[in-house]
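Order as written gives the chain letters A, B, C, D, E and F; numbering starts at 1 within each chain.
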C-alpha cells in the first residue's frame, strides 16, 4: 500500500486493511512518502504525523516491520519523481507484492499524481488498485469494490482517531459520519451494506 | 426535469427541487415516462406509482400543473425512442426550459439511457444536467454541484416517504441514512455540508 | 460465461476455461445466444454450430449441464434486447455466478454489443470481465490478465478445432499461429509467457 | 481569469469579459503569469507585452486594480509549478472568486497545462471554465457557452488590437475574421448568432 | 461517402469533394439513406431533396453513376439498423472503397448515429473518417484535416445553394459566412488558410 | 521518427521503415534522445547502444545522414523537457517532415511520455502517429495500420539482432516469435497477414 502522506491509506482503504488483517493476511506493507513536517498545526511536534501513522497502523493491525516512511518534501514530490520511482522499484524487489494499493488515476493532488504515475511504472505487471479520496477527484471509475462489515468501519474509524493533528485542522472527512457515508454509497452499488470503492488499474490472476 | 420512472427525479435531485422551490422558483415542470404498472408490488393498485408521484411532488412544492405523466411500458422505452423524442420536442416547445435535469450519460438502466439519449437530442441547445443514481453507474463525472442545507434533505426525505411501494420492496437507497450519506459525500467535494452532484452535459449562459 | 455466438467464448477465453478446469473449478456455465443457423456454410447441417459448440466445451472440460443454448436470430439480437436481458436475469438467479465473462465494452459487433449492454444490467453487482476479439475492436483496455501455460493454449486450440464450419470459412484467427500470437503479446505485458487479456468492467471482492 | 501569458484571456474569453462588464460586473480579476520578455519581436521594448495587456484590459473595461502580472519565465512555468500553485492559493484567498476562467484541460501548450493543473488544485471547490484556443487543442469538449452580440465581438477585437507585437508576428488568429469565425461556429451550436465556448471543469451553484 | 440525409455530405465534406475532383479523383461514390420526404417544407415537391442532392453533386463534379439514394424513413433509421448494415456491406462489395467518409462518432443525431455504427461494422478494415457537423456534437476530436483553398470553398458554397428547401427553413449554417467560418477555424489548427476537420476512425496504409 | 532510446523505433515501427525504404522513400530521419549509457549491461562498452543503433539503421536502409543522437540522461528526460522541445523545434525546421512517428499517447515510460508531450507541441500541425510498445501500455487505440509482408518482418528482425546488449538482458520481446506475433494480431484487425498498429494523433492531407 502506497501513501503519498500519512492518513491517505487509512482514509482510502482503512476498512480494507481491517478486513485483510481479520482474514489472516499478515504480509501487509505500507509506505508513506512524506510526513509533511511543514504542515503540522501549531502546538504539535514536527514528528507528529509520523507518530500518528505508526499508531494508526498498530490499531489496524499492520506489523511495524511492514512500515516504511520516507522524508520527501510535502507537495513537491513531482520534483523528485525519478527518485520516488527508484525507491518504488527497490521496494517492489524486496516485497514482491501481489496487490498494490495506491492513489487513483483521477486524484488531482500533486503528490498523489506523482505517486500514481511512478507506481504505475514500478508495478505495471502487478495487480494495482487506486483508492478513492473524493475531495481530490472530479470523476472516479468505481470498477473495484471491497465489501465491508460494520466492524471494519469501526476499526477504520479508530485508526483515524490517531490523527489528532487532522482533527485540530477540522477536516470534514475526519468524522465517523463521513466514513460511514462513503462506505454506504459504495455499498449500495454492489448490494452490500458497506464497501470501499477502487479504480482498478490492472488485475493479474 | 425528466424522469424515466416515478421516484428517479426525487432520488436524483429532490434536494435541488426543495431548494429551488424555497428560492421562489415557481416554474418547475416534471415529466415521468413510465409509471411501471407491471412493477408494482402485490397488494398495491396499478396506479400506485402515479399517485405516489403526485404526492411526492406536492410535498416538494411542485405545482400539479407542472406535472406530466406518460404511459410508456417500463424497461422498454428503447423500443419507442422516436416517440419519446417527439414527446420531448413537444414538451420543450410548450415549456421552453432554462435548465433540464435528466438521467446522466453514465446511467446503465435501459430506460434511463433512452431518456438521456433522446433528451440530449431534444434539448441540445439548452443547459442540461444529469442527476446521479449510484446503483446505475460505474463511473460518474461530478462536474456540477448544487449545495444543500439540512432542511432541503429533510424535505427530500419526506417526499420519498410517499413511495410506500418502494419501501415494500426494501430498496436500500430508500432510507434517510442513504439520502444523507450521498449528500455528505458530494458536499465534501465542494466544502459544503451537503450537496447533490450532477453530470454537466451542457451549460448555456 | 456469456457468448453471443458459438466460438466467441472459446476464442476470447478458451485458455482461461482450460486453466479453471485444471484448477478444479467444476462450476462453469456457458450460455450461447445464437447458433447462427443462417450463417452455416454450404454442406453443413443447420445444427452444425450447436454440435460443434457442445464438442468444443467437452474438450475444454465444461460439463454439459452447465451449457445453455438459446435460438435468437444472428445479427439481430438488438431487436430482442429486453428478452435477452430477462433471460440473463433468470440465468443469474439460478446460477449466482462469482465472475461473469462477456463481450467487452469495445466490441463493435452488433450482437456482442447487445450482450455486453444487457449483461452489464443483469450482473452489475458482480465481477464482470470482457474478453478480447481484436477483429471487433478499435481500442481495448487491457486491465485484466489471466496468465496461461503452453498446455492451456494447446487445449484451447484443440477445442477450436471442433469448429469445422469456421475452418471451411477460412477465418484467419482460426489458426494455432494466431492463438499463440495473441497469447504471447498479452503475456509480454505482464511478464508471463502467455496470457489472455480482459476489459475489467467490475470487480467485487 | 487566469492567463498563462498576456493575450490568452483576451483571445479565449474577451467577448465574455465585454459582456460581463456591460452587465455591470465590476469585480473582474485577471492574472497573467508571464509577460514573455524573451518572445517580444525586434524593435519593441521588453515591457511591450505588459503594456499591451494593461491597454487591452482598459479597453475591455476591467479596472486596473483587478490586474496582477507575475514574471515567470515563458515556456518554463512547469519548472515552477509549486510556486505557481502557491501564488494561486494566495490569489484565491484574497479574491474569493465565484467563477474562474483558465486554460482548458485539452490545451497542449506547456505553460497553459501548468496553469490548468495548478488552477484545478487551487480552485477545485469553485466553478471553473476552461477557454478555447483551437491552435492548442486536438479535441475540445464544448460543454459551456456564453452567448455574445455583435458589440461584444467588436469590443474583443478592439482589445486585441492593443497587441501590436502580435500583429508584427503575423498570427493568423489575430484578425477580425478569425474572431468572428470562431464566435459564429460556437453560436451555431446553441442557436445564437455568436458565442464563446468553454470546457466546463466544475460548476457549483 | 455515406450520408444519412441529403446535404450532410455537402456540409461536412463538400470542400474535400471539390478538392478530390480537382485532383482528378473520378471514383467518388455517395450514398444517401433518407431523402426525408416528410421534412420537405410546404410548397416543395416530395422529391425536392433528392433532386437538390443530384444537383449539388453535379456542381461538385461527382458522376451520377456514383450516386445511390435509399428511401429509409427519416429519423427512424435506427429501427432498420440491420437492413442498413446489409445495404452497406453490399455497397462495400461493389465499390471497394479506399476511404470512407461518414458521420462522426460524436454525432448526436439519431440517423447519423445509426449510420456511424453500421458503417463502422461494414468498413472496419478500411480507412474511415467522420465529418464534422457542429450543431450535432458536444465534443469533436479534430484528428484529421484536409486543407482547402478559396476555390474549394466557393465550389462547396455553390453546391449548397442547390438546396433551396434548406434556405426556405432558414438554417443558420446554410450561409457562406458559416462555411467560411468553420473552414477558417479548422485551418488555424494546422497552419492553413482553410480546412475541413475529421474524426479519424481508422486509417490503413 | 522520434525515439526516446535506441531500439524503440525499431521495435515500434521497424517493419514500416523497411516498407518505406523498399518503396523508395529516401528521406527518413531518426532521432534518438538517450543512448542510455547507464543501462548498458556489464561487458559492453558505454557506446554499445549508439553503435548498435547505427548498425540497426544501416540494416533497415536508413541513410546515416538522417540519424541524430542526443545524449540526454536515460529515465530523466522529463527534467529537461523544455530543452527537448527546443531540440525538436530545431529538428522540425531543418527536416520539415510530412509524417512524424513518435511514442504513443498511452506509453507509460517516463522518457516516452516526455517525448510524446514535447513532440505533440513541436509537430502539432503535422501528421503524427504513435507507435505501439505493448509492455508500456494499458490501453492502445489501434486507429492506424501499416500493412506488412513477410520480408518487412524479416528485415525488422535482422535490424533488431544488431542489439546484442538487449539479448544479453533477455528481453522477451527481442525474439522473432514476438515480432511475428504482434504483427499477426494487428494484421487480423485489417484483413492483412501482418501489420504494425499506430495511435493516430493527427493526420493532415
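Methods note: a contact is a pair of C-beta atoms (placed from the backbone, for glycine too) under 8 Å apart; a residue touches a chain by one contact, two chains touch by 3 or more.
No experiment lies behind these values; they were computed from the predicted model shown.
Student: Please report the minimal path length, in steps, between chain A and chain D on the chain touch graph.
Tutor: Minimum step count, chain A to chain D: 1.
Student: So which chains count as neighbours of both chain A and chain B?
Tutor: C, D
Student: Do the two copies chain B and chain E share over half of their interface residue numbers, or under half; same or different?
Tutor: Counting which numbers both chains contribute, under half are shared, so the two copies meet through different residues.
Student: Pick from B-C, A-B or E-F: which pair repeats the contacts of A-D, with over half of them the same residue pairs?
Tutor: Checked against A-D: the matching pair is B-C.
Student: Averaging each chain's C-alpha atoms to get its centre, pick out the one most distant from chain F.
Tutor: B
Student: Report back the single chain whose CA centre is most distant from the CA centre of chain E.
Tutor: Chain A.
Student: Just the number, please: Cα centre separation of chain C and chain E in whole Å.
Tutor: 37
Student: I'd like the Å distance between the centres of chain C and chain D, where a centre is the mean of that chain's Cα atoms.
Tutor: 52
Student: Going by the touch rule set out above, which residues of chain B reach two or more other chains?
Tutor: Where chain B meets two or more other chains at a single residue, that happens at 124, 135, 138, 143, 189, 191, 201-202.
Student: Hey, how would you classify the chain contact layout here, line, ring, star, complete or other?
Tutor: Topology of touching chains reads as other, fitting no named class.
Student: Which chains are in touch, pair by pair?
Tutor: Here the touching chain pairs work out to A-B, A-C, A-D, A-F, B-C, B-D, B-E, C-E, C-F, D-E, D-F, E-F.
Student: Under the touch definition given earlier, write down the residues of chain D that touch chain B in their complex.
Tutor: 124-125, 143-147, 189-191, 200-205
Student: Which positions of chain E touch chain D when the two form their complex?
Tutor: By the definition above, chain E touches chain D via 134-135, 137-143, 172-173, 177-178, 180-182, 184-189, 191, 193.
Student: Under the touch definition given earlier, write down the residues of chain D that touch chain F in their complex.
Tutor: 75-76, 78-79, 108-110, 135-136, 138
Student: Would you mind writing out the residues of chain F in touch with chain D in their complex?
Tutor: Interface residues on chain F, with respect to chain D: 81-82, 85, 120-121, 124, 201-202.
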